[in-house]
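Labels run A, B and C following the written order; every chain starts at residue 1.
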C-alpha cells in the first residue's frame, strides 16, 4: 500500500470534508483536515446540511455531544451523501455509555448507508451487539477477539469497520489490515480519536478503496504522531507538534515508518 | 494537608467526570481532566444526562453559555448526582452580568443540592446577594471581605464555596482555606477559571472531604501553573505548558511548593 | 495612521466584546480578544443577549455554524447594539456556500444596522450580489476587482467592508485602505479569519473611525503574525506563538513593520 500517494492526492485535490460533530473537539477535527491539506466545513442547521454535503467530498459524523436535533441533521446530510455517493464516516463516540447513544447509532445505521464505522474497542464491540459498556468516551477493556468483531460487523453492515487503539484494525467484508504506528501518548490527549475519524474522512474523500483510504489515513496520522512524540514534553506539546508534523509530513517519512499488516 | 496524595488517587482511580458546560472552554475542561489522569465526558442531551451522571464520579456544571435547554439538562443531571450522592461543582460563570444568569443560578441552587459553588470574586459576591455586577465573565473589583462572603454563603447554602483569584478562598460552614499558589498569567488566558472548576470536580470525585479536595485540586493546578509560567513566553505557551506540567507533576513538586493556609 | 495608539487604547480601556459566533473557533475568538487586552464574552441565549450587549462596547457576529435560533439571538443583540450605538462586526462566514447562509445574511443586513461586514474574497463578492460560490468556508478564486467590490458594497450598505486575504481591503463609502502585512501561514490554520473579525471588533470598541479601527486591528494582528511565523515550525506552533506575540506586541514593533496603503 502506498500511503504517501494518497496523502499527495489530499494535498492536490484539497477535498471539502463536511462534519456534523461534537462541541468538544470540533476545532481539532477542522484543523486536522486543514493541516492535511483538505478544506473542513462544520455545519449542522437542518436547512443547509444537505446543500453543504452536496458540495463536499466526504461526510464525517460524530455523536460525541449528540442531541435529537443534531441526529436529525445528520440523517438529512447522510441521505444527501448517499445520493451523491460520497463516503460517510460515523464515529460512534460513547457507544455503550447510554441507551440514548445506542439507540441513535442504531437509527443512523438503519436509515442511512454508513460507509465507515469507527470507534474504540468497547464502542465497536457495543455496536456489534456485545454486552459491553463504555466508560464515557474512553475505551473499556474488551475481552474478545477484536479482529473478529470488526470483520463480523463489516460483513453484517457491508461497510468498513475501524477500531482505533495502539494497533488499529481496519476490516471490510473481505479484507483486514492492521496499522501498528500508534503510540501511547495519543491516549493522553482529548480528541485524538475524533481527529482520527476526520483523517479517515479526508483520505476517503480522495481514495477509491475505502479500506485502503482508512488505513492510509491512520498510518499517515500516526507516523506524524511518532515524530511529534519525540519532540514533546507532554500531551499538550505533543498535540501541537502533531499538527505541525502532519503539515510537514514527507512521503519519504511515511514510506520509511509505515507499519501496516 | 497532603495534596499529592489526592493527586495520586486521581491517577489511580481515573474518575469519570461528567460535564455540562459552555461551548467556549469545553475542550480545555475535558483536557484538564484527562491530563490529571481522570476521564472526562461531556454530554448534554436531556435523554442521556441522568444515565451519564450515573456512571460518573462527579458532575461539573458551568453556565458560561447557558440556555434554557442546557439548564434543564443540568437539573436532570444534578438530580441524578444527588440521588447517587456524587459531588456537584457549579461554576457560576458570569453571575451578575445578566438577570437571566442570576435567575438560573437561583433556580439551580433551589432545585438541586450543589456541593461546591465556584466563581471569581464578583460572581460569588453576586450569588451571595451583594449588589455587584460582573463585566461579562471577568471579575470586577469587589470592595468587601471576600473571606467573610465565602464563609457566609457556605453556611447559608450548606456547601463549599470557592472564590478563585490570585489567592483562592475555599470555605465550608466550619473551615476556611487559602491557596496562595496563583499567578497573574492565569488571568491572561481564557478558560483558566473554567478549568479550575473541572480540576475541583476531579479531585472531589476521589476525596471524602470536599473542602480539602477543592483546596488540593487548586493547589496542584497552580503549582503546575507556576512551573509553566517559568518556561513560557506568553499566555498561549503558558497554557500549553500548563497541561504538560500537570501531566508530569510530581508529588515532590507539590510538597515543595504548596502554599495553603 | 498610528496603529499602536489604538492598541494602547484597547489595553487601557479593556473593552468588553460580546460575541455570538460559531462553535468551531469560539475559544480562539475569545482568546484573541483577551491577549489583545480586551474582555471577551460569548452568550447566545435570547433571554440575555440584549442585556449582555448593553454592557459591551462592541458586538461580533459570526455565522459559521448558524442555526435559526442563533440568528434570532443575533438580531436581538444587534438591535440592542444599534440602540446603544456600539459597533457591530458581521463575519459572513461561508456566504455563497448555501442558500440558507445567503438568506440569513440578507435578513441580518435588512433588519439591523451592521457597521462592518467582514469576509474573504468570495464571501464578500457573494454578499455584494455576484454569482460566486464559496467552497465551504474557504475562499474560492474571484476574478473581479475586489477593491471595487468592497467600495460598492460599502456605499450600498453605508458601512465598512473588509475583505481579508494576503492583502486586506478595508473600504468605507469614501475611503479605502490596504493592509499588506498578511502572510500565507494564516491560511493553514482554522480560525485566523474568525479571529480577524474579533480583532476588528475589539479595535472598533475603542476607535471613533471604524475604517481606521478595522485597519489598525488587522495591521496589529498581522504584524504579530509575521513575528510568530518566524519562530514557528508549522501552523500549530504558529498559532500558539501568534497569541504570545499579540500579548507581547510593542508599539515600536508595529510602527516599524506596518504596511498600510
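In this text, a residue touches a chain if its C-beta (ideal position, glycine included) is under 8 Å from a C-beta of that chain, and two chains touch if they have at least 3 such contacts.
All values reported here derive from a predicted model rather than from experimental measurement.
Between chain A and chain C, the superposing rotation on Cα atoms measures out at 120°, rounded to the nearest 5. Because chain A and chain B share one sequence, their contact can be compared position by position; here under half of the interface residue numbers appear on both sides.
Between chain A and chain B, the centres computed from C-alpha atoms are 32 Å apart. Taken residue by residue, chain A touches two or more other chains at 23, 27, 240, whereas all remaining positions touch fewer. Per the touch definition, chain A reaches chain C in the complex via residues 16, 18, 23, 26-27, 30-31, 34-35, 39-45, 47-48, 51-52, 55-56, 239-245, 247-248. The residues of chain C lying in touch with chain A in their complex are 22-25, 27-28, 64-68, 94, 97-101, 133, 135-138, 188-191, 232-237, 240.
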